[in-house]
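Here it is, the structure, as structure tokens.
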Amino acid sequence: MIRHQRPTYPCWLLAGGVLLGAAACALAGDHDGRPVLRLATTTSTYDSGLLGAILPAFEKESGARVDVIAVGTGQALALGAAGDADVLLVHARDKEDAFLAAGHGTDRREVMYNDFIIVGPGDDPAGIRGMSSASSALAQIAKREAIFASRGDDSGTHSKELALWKAAGHAPPSNAGWYRSLGQGMGATLRYAGEARAYTLTDRGTWLSQREPLGGLEILVGGASMAENHDPSLINRYGVIPVNPLKNKAIRGKLAAHFARWITSPPTQAAIGAFGRDRFGQPLFLPALAPRAHD
Amino acid sequence: MDTPGTLGAALLDAVILLASGDAALLAVLGRTLEVSLAALGIATAVGLPTGAVLGLARGLPARGTVRALIYTGMGLPPVVVGLFVYLLLSRAGPLGDLGWLFSVKAMVLAQTILSVPLVVGLTMAALEGVDPELGPQLAALGATPVQVARTTLREARSGVLAAIAAAFGAAISEVGAVMLVGGNIEGQTRVLTTAILLETRRGQFSLACALGLLLLALTFTLNFVLLRAGERRTLPRAD
Amino acid sequence: MPTEIEFALEDVRRVYAGRTVLDIPALEIRRGELLALVGPSGSGKSTLLRLLNGLEKPDTGRIGFRQQPDLGALPLATRRQITTVFQHPRLLDRSVEENVALGLRIRGVGRATARPRVRELLDELGLAAHARAPAPRLSAGERQRVALARSLAFDPAVLLLDEPTANLDPHNVSLLEERIRRERARRPLTVVLVTHNVFQARRLADRCALLLGGKLVEVGETQRFFETPLDARVTAFVRGEMVW
């Protein structure tokens, strides 16, 4: 008599087990018990390594975990407006004011600043080297129709560039042959400028951290360090804004307020001022509390 | 802080990086496998039976429409899927209460949406390649429709494994969607592709290249295992 | 003792694309007999076997199986007592052994439990040396023997054979015929053998039937069918002349 038994497929069972295990793992989520503060910020603060250097102190002090979402300023503000982030660290003053006016945030505090510089090919075809006003330099570039690479990505740097064009008495240039709107991050824009022998506006931090040979690009306006930058309009201020906790129940309002206090507190401000000195010989960000070169 | 064009050094870096057992790197590797295998598991569980039904039911009405839909799905732009999932899961969106945005779950969801059409479409194609006479002959041997489907799937195993391999390859190498919905959070939602993007943005080209090589090695290993599984049974079994 | 009826066909018609390819007002197939079905190509022989195996349903009429009035509504276990060996068997891309075990595995029998039965059949059909070879590599004659073995493995009550020895060499033909004879000597087995080889029909069959254009011309005891056919078309067919 033939006995009936169920067939077994050990290797399929094993493969299925691995896949199900992964699925279960992923769906179980990543609880490590700590409350999570979601910080939406610009790529410059994260990519430079600043946040990696200072955040562990906050995590220790608060017992919370900080999840950093590094995106463009435009998207960071949108995350706040949608209630998808708890606190913002951004640099686009006009948009931040509009954000607050619309009731998306509780308040704004100055955290730190660095500066923008205009870089371009060493032979400087537009002849802007050493000019003390960024907007006059842009006007000169436009007049000579020298190639200019724009971030074109709604970032804080892009907003600053548009403001400078306005101050130069120019409508923000359309995508003329010499004006190239890239829709790229700062690093990619710098690399493009190097290849295309173009001028561009960059924050000093990214410039310093990408100090690879960039096709002969040099600083033409803004000086070799922040202290030598004589155009106050090139100052790049970073503010912290806790998102309005009334937006939805998931927003950690108290933790966000704690973070805003912490990042503007003297010890953190000192840490910000110290960051980057060893690597670049100059700080990448100056704390808002410290005496400033301009103002 | 190095120049592009250091491909040779990248290989060395990759080896050193792996050998050092760097905790952050291991976390990224683990998360990469977790996300892509989870998406693959769900996509296979859903896509294999669906593809089998579509591949075997040759007389299905509206077959052409279904096929066009699936082929469109196979070519879905990942970044569009990412955007869709992002808007869906945003707290301001319809599924905002789940709190899934910027989590591993969101990444698995996006990857699953991208992988399911691949598994369905390629499984369907693999089964359509099987001799149409096989089904009736199996039925004549007493097979139920489910047994016919299972046996036919096994007959088409190299095509079915190709479907699974393609879905895995798509999931593990995808960057646009996981960046958008995962947020590339260190230790949480950072996977190999988003780490590569970050390191490139930071100008750390050789680290980015090293991560890229790791990604290739991982994909190669899984494909190799899958292909071996496909070959195994064609050979005579040793006692 | 009255003969028991295995299949009872009543008014069975099969229509493909508006064309009636099979039209059988009445036919009884007896339990344990070997009925040979002869007829030219396209006369509907394979269609009839597909209906008898339940692979297709008639468009009109009924096929009764034993006490069951409708073949289409048989319980799984009963349906599994009927099987077909096809002219062009599709073997799986697995070993010969696994192919022969297939019907048993489908019925939930374990690999180890199936093995002795499989080995026995492989021995009887001269396939023992190929047990572990991949089935797709076999010759036509060997493939057909595997096909017979995989159908006999689960001891079916009804064996439908669709030109199983067409295109085979005489050695393989006699191997297969011998194995079918042995099976019938051993236990009651109903066989419907479709063949265009009238000599094979004469050698093996208890009764013969001629199918022409989807219609049964004549059914009768083999000897009478060949020696004193009632219909002139049968006379012509058994002589190898053109019939239509």
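Note that the chains take the letters A, B and C in the order they are written out, and that residue 1 is the start of every chain.
The definition used in the following text is that a residue touches a chain if its C-beta (ideal position, glycine included) is under 8 Å from a C-beta of that chain, and two chains touch if they have at least 3 such contacts.
Predicted model only: the values in this text are computed from it and were never measured.
Take away chain A in thought and the touching chains that remain still make one piece. Seen from the Cα centre of chain A, the chain whose own Cα centre is farthest off is C.
Compare each chain's C-alpha centroid with the centroid of every protein C-alpha atom shown, and the nearest one belongs to B.
If you average the CA atoms of chain B and of chain C, the two centres end up 47 Å from each other. Mean C-alpha position of chain A lies 31 Å from that of chain B. Work out the mean CA point of chain A and of chain C, and you get 78 Å between them. Contact with two or more other chains is made by residues 107 of chain C. Taken together, the chain A residues at the contact with chain B in this complex read 11, 15-16, 18-20, 22-23, 25-27, 29-30, 38, 43, 47, 52, 67-71, 81-84, 185, 187-188, 209-213, 247-248, 250. Residue ranges of chain C in contact with chain B, taken from their complex: 50, 53, 55, 76, 79-80, 83-84, 86, 88-90, 92-95, 102-103, 106-107, 132-134, 150-151, 154, 160.
Of all residues in chain B, those touching chain C in their complex are 131, 133-134, 136-144, 147, 151, 154-155, 233-237. Of all residues in chain B, only 1-3, 33-35, 37-38, 40-42, 44-45, 90-93, 96, 99, 101-105, 107-108, 183-186, 188, 198, 200-203, 229 touch chain A in the complex they form.
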